[in-house]
Amino acid sequence: MSISVAVTGATGYVGGELLRMLLAHPEVEIGALTAGSSAGSRLGDHHAHLVPLADREVLETTTENLAGHDVVFLALPHGTSAPVAAELGDDVLVIDCGADFRLQSSDDWSRFYGGDHAGTWPYGLPELPGQRERLAGTRRVAGPGCFPTVSTLAIMPALPLVDDSALTIVAPTAPSGAGKKLATTFLGSEVLGQASAYGVGGTHRHTPEIEQNLRAAGAENPVVSFTPVLVPMSRGILAVVSAPAAEGVTAADVRAAYVAAYADEPFVHLLPEGQWPQTQGTLGANTVHVQATLDERAGRVVAIGAMDNLAKGTAGGAIQSMNLALGLPETTGLTTIGVAP
Amino acid sequence: MSISVAVTGATGYVGGELLRMLLAHPEVEIGALTAGSSAGSRLGDHHAHLVPLADREVLETTTENLAGHDVVFLALPHGTSAPVAAELGDDVLVIDCGADFRLQSSDDWSRFYGGDHAGTWPYGLPELPGQRERLAGTRRVAGPGCFPTVSTLAIMPALPLVDDSALTIVAPTAPSGAGKKLATTFLGSEVLGQASAYGVGGTHRHTPEIEQNLRAAGAENPVVSFTPVLVPMSRGILAVVSAPAAEGVTAADVRAAYVAAYADEPFVHLLPEGQWPQTQGTLGANTVHVQATLDERAGRVVAIGAMDNLAKGTAGGAIQSMNLALGLPETTGLTTIGVAP
Amino acid sequence: MSISVAVTGATGYVGGELLRMLLAHPEVEIGALTAGSSAGSRLGDHHAHLVPLADREVLETTTENLAGHDVVFLALPHGTSAPVAAELGDDVLVIDCGADFRLQSSDDWSRFYGGDHAGTWPYGLPELPGQRERLAGTRRVAGPGCFPTVSTLAIMPALPLVDDSALTIVAPTAPSGAGKKLATTFLGSEVLGQASAYGVGGTHRHTPEIEQNLRAAGAENPVVSFTPVLVPMSRGILAVVSAPAAEGVTAADVRAAYVAAYADEPFVHLLPEGQWPQTQGTLGANTVHVQATLDERAGRVVAIGAMDNLAKGTAGGAIQSMNLALGLPETTGLTTIGVAP
Amino acid sequence: MSISVAVTGATGYVGGELLRMLLAHPEVEIGALTAGSSAGSRLGDHHAHLVPLADREVLETTTENLAGHDVVFLALPHGTSAPVAAELGDDVLVIDCGADFRLQSSDDWSRFYGGDHAGTWPYGLPELPGQRERLAGTRRVAGPGCFPTVSTLAIMPALPLVDDSALTIVAPTAPSGAGKKLATTFLGSEVLGQASAYGVGGTHRHTPEIEQNLRAAGAENPVVSFTPVLVPMSRGILAVVSAPAAEGVTAADVRAAYVAAYADEPFVHLLPEGQWPQTQGTLGANTVHVQATLDERAGRVVAIGAMDNLAKGTAGGAIQSMNLALGLPETTGLTTIGVAP
């Protein structure tokens, strides 16, 4: 099989990561690379690491340039995917790496993003219950947010064992999650030597998406207090999730729940007891490393997930969904092996 | 006044930071610098930044070498301060930067540190209620741990407004908190590009100390779930503390509590509404930057404190206590101005 | 004495560092803080670390706002200082932290900066021969560039011992040298985990300034190959300078030259033989750490200087010149003690 | 074909990188993993990123455990490879990632390493003239040092155009080059926020190896002044190499030499004119990115190479040699695509 793939937003970090991973995919042929203001440049001007594509010209993101591909990845600013997608045929697999089609609730969209809600597409987190079936054969996928992916997978097996109405998530993260956005906050001088929280107090846009996932995973009324913290690393998220343990829950119960949940998941790696996830272990790989325990003193389950925000957190997860949508083996072209140290 | 001061453990990071700050103290004369295995070397071999002391010889930590000083700072491994302190006269002000004399509960000591509990000294966190009075004139001070200092000051004003039995603290921190300990975990290659949690599940030794502080601040039965996260920065802790808000609490209540609590505190800087603490702002300074808000969706108060773990977190806080113990103005020789970016 | 000081460009990194250091200067009263597009904001919005000035309003950079001060520091983009300076009286001490008045050669200006050369002011590197005399009483100072300061001081004592026509300088440096300029190159994601050279092949603007300094220090026809390298640290430059040793030069000659040159320099710290400069040792301090040796195999003198680009490299050096111009002791309000680790 | 491969020193950084890359090699089956003091542990305890090998037991490095493999990689401390190699049959391909067999000159060995010289094996830098032929079919390979690889490839094409007796190399590098060695110098606290030179003045052990390579590439009497600089990144070296240009050399000559030299090299990527190498572009890949120019003012050719010290710098280069020795296509299982940002 040879699947022709176009990537919009190809000069950004998500576009670059999609291309890096697609270059390793045995069934894919990389077609049009498009962008906005950097159209007309060489791809190598933006991504020195993508040597085989260095001399490719970056095209404008137009219907003509995207035509004729089997798959189109959208790596565009939030709120701009819908008009591009509308021009692509129903037989084309469109995978949006932005937020536009993730949320089921239009109220949540209005509250956290503002403006009109574009709609809801099948959600690209195959590890959610029943989600692989929903992704099989679909021609539209809403790629999940990075924090929702790692947070959901970190706590999901424990949901039956905790009070899901009092979840806290604090997640140190890399500035690459913000893309190439030019803002003082993301300058090297501001990021180096610094830890700083943002979106504090329930304002981060990934909050309702996390809760939506937890409902999909069986939580009745999940409520999340979510605080991301910017730290000086190129890639990675370490999500520290905790919730009050239900009456009578033991450490063995927690372990058993995780073992059962992830024994057969190809991209979730439950660490041996006592070993805690580290972001280096996941760098560049389509994987989440997970560990959980019971804090008996505090009566809380504490779960931690480590993930590369650009890999499993965005581009890798999108390719995983592509595989499912096209009927390929889910793991085709995706590695679980990180680059460390 | 000229106060003669000796520093043990002078070649470590805490020793170095004590000396850096004492060099800026107008009433202090720096006397003996002592250490263990590095005795006999020049101080400049260990601390290139302490130019005025570069040629000082590092002495052995003996009773003779420590004799004749008004103040002795102990920057020794946990569990080793007691015998050194026992040899120093009751008229000498001894300030222990280690953990030995911090805890009031011998059970907590045994459980978290093991071995025999050396005792309890006046606790060097002047911002606790009534603590300045306890420190005035004392000749023994137990300097607080870094996480307890920043965590306590971040959440203390909110205690009357929250359920203190369900506190969570997640705190990204610098490897300098571990001193010069040679372990793979603290190698640059392991720390760079990485976030990793440790002491997960209530096992970190600072947990009971935080709870002890919260009780001292009025909490009835504080229970803390504490997770430190190692991140790649030289110095700094960002403590993200949250707890369920009590019924009816408003954002204005939270703000008012912090304004009232910290209006007159010289070393706690409450940021204007909407500005969140960043560790860079506190680098090298004896200060904690604090902000808090109410997450109305999640029903939690979220408070954040930023601090330099070596400065206000250890050495600066110890000098602040020294000032109080000796009857000097509390702010003598201490700056609130950080080095950023 | 109370010297009133205004700072333009107060919201940038150089402005912030000037204010941090001026707050520690016992003779200075901080007056107007001005800026361009950020006029009208609070200083605390830009510099969380400058707590005592947090509530100061940032004013527009106008003649009116700058009037009535004894000293005005200009921390403006290159090429924009001249018109502001022209409006300030001859009795006002104006210290330009930009490049406009550094170069003596209009040809060099045209070649490296372009446009018209504004002129030449007394150059604010007091360690150059005879320069203290030129700075005494002046009312105009051109603050030196950061690379020229550290490179000059690293190699100056060796100039009589080397072939000055074949100097190479490679200097790892921090992104803060570029200020808050919003460009992809300076994003945290580009800087973290990366070393990258720029201005390669003799195009960096500091090249002619370094050669000008070396001529002032006695070199006959200095020619410099200069390559800066951006590395992931908040502050600091490590200048590695080398040149062919003259016939018969010994390691002892090199050492003797440095000892003689820097024995009485308050802000240049020659390390003991065998100890090499590290940038951490100079963080936040008005100092350069220097070491040199003879590579006998290669027949080159290798000299290394470590410096904080914002401190001695810009703001500290400017205040040092201010002290000289005003007849204050040169070291007033300036520290040689860095913040490490 | 299925080639069975054993890796000694499997728990170190070089061992880990060998395994990471071998897992992607289609012809290799990973056999015994051995180590010294960590024998008996799980590989996953040391390398969380190598998920498929997590449960493998680490064996002792004994002749028995290494027996029966087609290829044995030695990732051992310098000076310890010879006795292990001596026990392996002549039909086994032994690739030493240490220094023991790199140097041709016993004098150089004694001077830079001390002790007895173990001998000289075919040198694993296929890009040297005639080297592919020497590696074909060999059963012993001395893997090159990381600095020699990147420095040689950066300057090699320019050798006919420069005075090779006055080369300078300054190379910012990552601490992972030192492996997991426990020394204060390599602690995160010392590495973060810091640039520091080491091995200054011609004492670094890679100096004679670089000169040996340049002789192999045609230099008559190469003399190198080499200064490595430790900077805070996980991986990567940026080698800045310069030398006096020969009379009459033009920028076009330089460009032409590089184009000719590297047009057909699979693992050396010459960047387009004006684009300079960045270490991120090579992370995890078996590649060196190269650029060069003529500094007409200074009369020097300046060449820069970027490389991942663990990948092409050690493990990847070793596998490239393995492919040649075994008669496989040189590029088998090796990628030129880096992981960035």
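First chain written, first letter: the chains are A, B, C and D, and each begins at residue 1.
Keep in mind that, in the parts below, contacts are C-beta pairs under 8 Å (C-beta built on N, C-alpha and C of every residue); 3 or more make two chains touch, one makes a residue touch a chain.
Values in this document were obtained by computation on a predicted structure and should not be read as measured data.
More inter-chain C-beta contacts link the pair C-D than the other of A-D and C-D.
Two copies of one chain, chain A and chain B, touch each other, and the residues they use overlap strongly: the shared fraction of interface numbers exceeds half. Distance from the centre of chain B peaks at D, each centre being the average of the chain's Cα atoms. Centre-to-centre separation of chain A and chain C, using mean CA positions: 44 Å. Centroids built from CA atoms put chain D at 37 Å from chain C. Shared contact sites, meaning residues of chain C that touch two or more other chains, fall at 13, 176, 189-190, 192-193, 232-235, 277-278, 280, 283, 341. Listing the residues of chain C that touch chain D in their complex gives 166, 168, 170, 172, 189-190, 192-198, 200-202, 207, 223-225, 227, 229, 231-238, 240, 242, 244, 276-280, 283, 291, 293-300, 302, 304, 306, 341. Put simply, chain B touches chain C in their complex at residues 13, 16, 20, 23-24, 42, 44-45, 47-52, 54, 176, 192-193, 234-235, 269, 271-272, 275, 277-278, 280-285, 287, 289, 335-341.
Those residues of chain A whose C-beta lies close enough to touch chain C in the complex are 13, 174-176, 178, 180, 182-184, 186-193, 232-234.
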